[in-house]
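First the structure, in the form of structure tokens, and then the observations on it.
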Amino acid sequence: MTIHAVITGSQAIAAETLAIDHVSKEFDVAGQRVRALADINLTVAEGEFVSIVGASGCGKSTLLRLILGLDTHYQGEIRVEGRRVECPGLDRSIVFQEHRLLPWLSVEANVAAALRKSPLGASQKRALVAEHLELVGLDQFAKAYPAQLSGGMAQRVAIARALVTRPKFLLLDEPLGALDALTRLRLQDELRRIVRQEGATAILVTHDVDEAVYLGDRVVIMHPHPGRIATILPVKGASHDRSDPSFIRLRDEVLSWLGVPRAGGASVEIREKAAKQTASLN
Amino acid sequence: MSWLHADAPHGHIGAPAESAGRKGNIGRNIGPAAGAVGLGLIVPLALLAAWTLSALADWLPEQILPPPWVVYDTLRDGIQDGSLLSSTVTSLRRVAEGFAAGALAGLTLGVLIGLSKTLRQFVDPLFLALSQVPTLGWLPIMVLFVGLDESLKVVVIGWSAFIPVVLNTAQGVREVPQAYAELGRVLSFSPWSKLTTIVLPSAVPSIFTGLREGLANSWQTLVAVELIASFEGLGYLMAYGRQLFQLELVLAAMIVVGAIGLLIHGSLTLIEHRLQRWQSEIKR
Amino acid sequence: ETLLRIGYPGTGLDDRPFGYGDYIAIGHVKQLVEAEFKDQPDVKVTWTFFRGAGPALNESLAAGQLDFAAGLGDLPAIVGRSRGLATEFLASAGSHDPLYLAVPPNSSIHSVEDLRDHKVAQFRGTNLQIATDRVLEAHGLSEKNIRFVSLDSNAATAALVSGNVDASFGGSEYLDLAKHGVVKIIYSTKNDNPTLGRNSGLYVTADFEKAHPDYTAKVVEAFVKAAHFGADEANRQDVFEIWAKSGLPAESFATDFKDERLAHRLSPVVDDYIVARYKDQAERAKAYGLIKKDVDIDSWFNTKYLKQALTDQKLEHYWPTFDAKGQKLTDGEVEQTRAATN
Amino acid sequence: MSTIIADNPRREETARPWWPRLEHIPAAARPFILPVLLLILWELLSHAGVANPVFFPTLEQIVERGIKEAEEGNLIGNFLASLQRDLLGFIAGSAIGTALGLVIGFSRLLRRLLGPILLVHRQIALFAWVPLISMWFGGGETGKLVFIALAAFQPALVNSWQGVANIPRSYRELSEVLTYGWFDYVAMIAIPGALPSVFTGLHSALIYAWTATVGAELLLNIAPGLGGRMNEGQQLFHMDLLFLCLFLLGLVGVLFNLLAAALERRLVRWRIQ
Amino acid sequence: MTIHAVITGSQAIAAETLAIDHVSKEFDVAGQRVRALADINLTVAEGEFVSIVGASGCGKSTLLRLILGLDTHYQGEIRVEGRRVECPGLDRSIVFQEHRLLPWLSVEANVAAALRKSPLGASQKRALVAEHLELVGLDQFAKAYPAQLSGGMAQRVAIARALVTRPKFLLLDEPLGALDALTRLRLQDELRRIVRQEGATAILVTHDVDEAVYLGDRVVIMHPHPGRIATILPVKGASHDRSDPSFIRLRDEVLSWLGVPRAGGASVEIREKAAKQTASLN
């Protein structure tokens, strides 16, 4: 179960499957050009699980959108298996922070919605849907509507929908951000199990440093203004046990890259931030 | 002119009570987009051109569609000799009186039955049943009860404004989020503080939906009542134009009716924006 | 199948589809038009009664929903013509029709002059309007001195009875009410200037006339038969009974026609009086601002069908004729008829 | 959440009002109290002759009139004629309105082209169209149907337009991610997403059409229908007939409401938690 | 700054200020009586900071509502300084999970709203409001509307509102639950600083075990069905440093009380839970 453990460096040419190559992205905001991403370079190997952390607005979602092919106006190149990404494809799936289930479709139909464009036959599709609902433990809720589910259940359906097409890439944009801490702990384990089981390559954007370290093979730390990669920390096969000192050490390292001191006294910094926001507000 | 943009309609046009709620302002924030008004002029201008052309080429008989310049002349003459103006003033006065009466009564009853479940249980069924009768249905009986004079207009217009105001106000007050109501208790608010600080502000969108609908209804009803029985006002002008086959008079009156409607719509939107600054100032 | 659509400006009591006071109503009840086409099953005759009277009938004409306007009053017809409605005047459908001024029994209004500043019901746009205006003028008043509420005849009656208006100008509808003391008639044009009454006509749309001259002829034939029947004093009671289908009692028609021969009003003949009346109405309509364009009356009148029908039915000299001032020019054969004694 | 202001039980005990405590009346009886009181008052007034008997028929008279009308089948016939007219106009108007609303909701270009004129159109009071419509389509059945359809058109248009316009942008992104084409988007997202709003529109359209039916029957030429009967009632001072008509009008309103609610509940099941 | 550090046991009679005494609470749910709280006993000493953790639905919020006096229908007794709680009072404040700021009032007015019932004069009130806005670092945003604030800022306003009346008790119902992980870390420090500074007695409900341990003097662990106290763990003066092994050990202990295994493999349990939910759904 450690197919991914071989790749640890930041540039693994052998099994390279996704390459982000000198990517920059600008937005027009109120007539001004704002750099959202500046010279992003990252290669991801097959089966690897990459976590991305960074302050709000540092361009994490933007990067995922580019990988998906939702937006093709950028400098540089993003290649999937050597070919430039031109548009969304069923080889790349995403789980959004807010599940985005279609409220008018049953759980089953929501998952099946991802297979609408697949060439499979109806019975095969049905089987796939059932299989993936089982994978996320919701086979009993196939007929329920999203409104009848708890937040955690809905997020599991979203994960099933993302996986049902058997994508090469699973992009996760703060998939567990809206859940409570305990549910989140549980779903993290599930997510890891499922991704392994499907053998997908995963890119996880999160605000939760524990989560990034717990799930990732590598943790990409981004800094804002403009969005750029500050560093990439390998988690190594090391410890995925949250209580292990090596885990704690790595987590603290990530936190310090993000500017969070080990304990207490963040208020000065917050004061500064607040003052800055005032300036931009008025 | 931001209220002129048409990227998103308001949902208040006779939206039934259950769904009215906070709907009124959903689409408003979909930006006006610079070119929208320009593009929007194409169709009206094309229609005007077709109208002119048809008048020049005599495609439609004059009694079906008088030429635009005749309508223009009628408007101008009506303004110059004061007849159009005085009709407009009369109509506006009627709407103002009827609407003020209906809306005030509606707000009061709406707040009361919104606040008290007990009262609601008593009043709701009767009120709902009565409100199901189209306003115009009351007209024949009202003519017999209150006569043809101004009081008829005020009563009927008032009633037509009353219904949506009551329904929406009651709904808005009733649906004050539990969370805020609880907050009022935690902060040991007096009933008055609760009403002014929590209940009414939170019901504002709903109340506005009601007022909007009430005003639209008033305006509708005014025209109907004036068409049926009156000797002045814009509706009367139309009826007169109709009787004497003067379509240009009808069209001129329609233009005034539409312009006033637009004005009311615009000012309501502005007022609503102002009252809900806290909502429109979301700029992040 | 050809539809022959006849419109009639008015309804009976509580909107029932019957007219009264003219020979058109007789033709309708006796189904004389239908009889004319009984050998032509593909021709279907329909009747529409307009609560909104002339103006509403005009709307239907404009929308192309009628072929004949039977009994259309002078003013609405003139208004229609001034706005380009293509119709032809086939025959007179009524003249010398008097106006009554009704007020509540305890009213302080005792004369036309007293109307000043009062609220009066008036059916605008119908032939009542100019007739009323002329009465006012003759008594030193004008529309401006009076607050008119535009109400149709039925509504006006109700409004008067319930005290919603102070007075109302109208026709025989008020006679029965007066008899029962519900209203009081304080004035009538009957003994006033003979040109003060109302007039109405039989019209065909130009399109229909062009497409179906034969049918047009038959319709005129039928209505001349109706007029013939209606003008005969021997039928006096029958005529009133026919009109009573409208819901007004026969007695009120008796009152209406007291001391007046039926033929005085029920005549299809287009004489100098009629031509003069329409010309005068057209001028006044313009003067009052009711129409904006001049209306040419002479070219409007197409009496060839009427002449043919009168000839066919040997009625050329049946009705009396009047001069422009309303003075009798010639006596008619009809004046020999006597009411049946019963 | 019943009462926000008077939710302190202790306070109520201290201030004991002189009037009968409303809270003591059982909840099941409450809806009927006011109507029954009203009817009793009516009976008393009409029998005591306090009110003008012409204007205030007794309830028995109204019931009698109802029975008579029912036996003659007259009022029922008029009622059905109105209903038929209403439904025809409603179907035509709301179908066109909904279709146009959806199309405008989808197409930015159409929205910009037609938006302003539709906005202006909406500000013209419905009844202001009566003279024009009667001139263009006559005061007969056609004119009435056009008028009723026009009444149904606006709410159907506005709400379906809004329904499409308010579909969250994030769903469009989702459809892109799922590589949906235009048709897939419409079928899977736009239509079902707009459905609740479309329903709101149809519901309003139903109510508006019914108002317009009455208006058309009062303002345009006579035809079989409740409007004509109401005219009759007014002109002949048959208050019993007028009240019967009012009752029928209200009944239809209530039925339409129930029908719309039931239909909506069935078709928009997913909204129910 | 360790006035609270003296009390560590679960029953400290000396400075006892809040006593929850054999409290049970039932709800009518669809005609059935459901026990939400069963025989809760807890005493809190003046100036103490108590954390409560427990699965969703175990009655944490219900307990806070009872302490507030929002609901007086229960068995047992809740006493504040020896007197039974009958109704809400300004001596007890709460910060809700979703800030519950009134959107139509400015930040300033929202805080001032809590002083409506206070006998202070207008200028004193103004001073208090300003002081507390400064305390939470938002004095520059006094005139802003809630919609203009970020989630973290809004939550700080809510804290200011809760504190402006200088309550004896500060009840915190998942106050940071809606925030992203990084913001949460920052606000935890602020919360601790502020509560200390005001000298209030605090009861914090949270789903986040790290947070409970980080902030609490004691951690109350509740179990559901019916809601009851499973155990109370003293944090002791020990370590408030998240990376300290003693902290980690305590956290892991709390987690295991909550049924979360140290790493991976939660899925069986989730399956069971899902199956149970199905039963209650159909």
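Going by the order they are written in, the chains are A, B, C, D and E; count residues from 1 in each one.
We adopt the following convention: a residue touches a chain if its C-beta (ideal position, glycine included) is under 8 Å from a C-beta of that chain, and two chains touch if they have at least 3 such contacts.
What you see is a predicted model, and the numbers here were worked out from it, not measured in a lab.
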Between chain A and chain C, the fewest steps along chains that touch one another: 2
Shortest walk length in steps over touching chains, chain B through to chain E: 1
Chain at maximum distance from chain E, centres defined as averaged CA atoms: C
Two chains sharing the most contacts, counting C-beta pairs only: B-D
Chain centre separation (chain A, chain D; CA means) in Å: 50
Distance between chain centroids, defined by C-alpha means - chain C, chain E (Å): 89
Residues of chain E engaged with two or more neighbouring chains: 148, 150
Sequence positions of chain C contacting 2 or more other chains: 59, 62, 155, 158, 162
Sites on chain B at which at least two other chains make contact: 63-64, 143-144, 185, 198, 239, 242, 245, 247
Every chain pair in contact, whichever chains are involved: A-D, A-E, B-C, B-D, B-E, C-D
Residues on chain A engaged by chain E in the complex (per definition of touch): 55-56, 137-138, 140-141, 144, 148, 150, 153, 174, 177, 180-183, 185-186, 189-190, 192-193, 206-211, 240-243, 245, 248-249, 251-252, 255, 258, 260, 262-267, 269-271, 274-275, 277-278, 281
Contact footprint of chain D on chain B as seen in their complex: 4-11, 13-16, 18-19, 26-27, 30, 33, 35-37, 39-44, 47, 63-64, 115-119, 121-126, 128-141, 143-145, 174, 176, 178, 181, 184-185, 191, 194-195, 198-199, 219-220, 222-224, 227-228, 235, 238-239, 241-242, 245, 247, 250-251, 253-254, 257-262, 264-265
Chain B-touching residues of chain C, taken from the complex the two chains share: 55, 58-59, 62, 76, 79-80, 82-85, 119, 124-126, 147-151, 155, 158-159, 162-165, 290-291
Chain A - residues contacting chain D, complex: 68, 70, 87-90, 93-94, 96, 98, 100, 102-105, 113-114, 116-117, 145-148
Chain B to chain C touching residues, read off their complex: 61-64, 143-144, 147-149, 229-231, 236, 239-240, 242-247
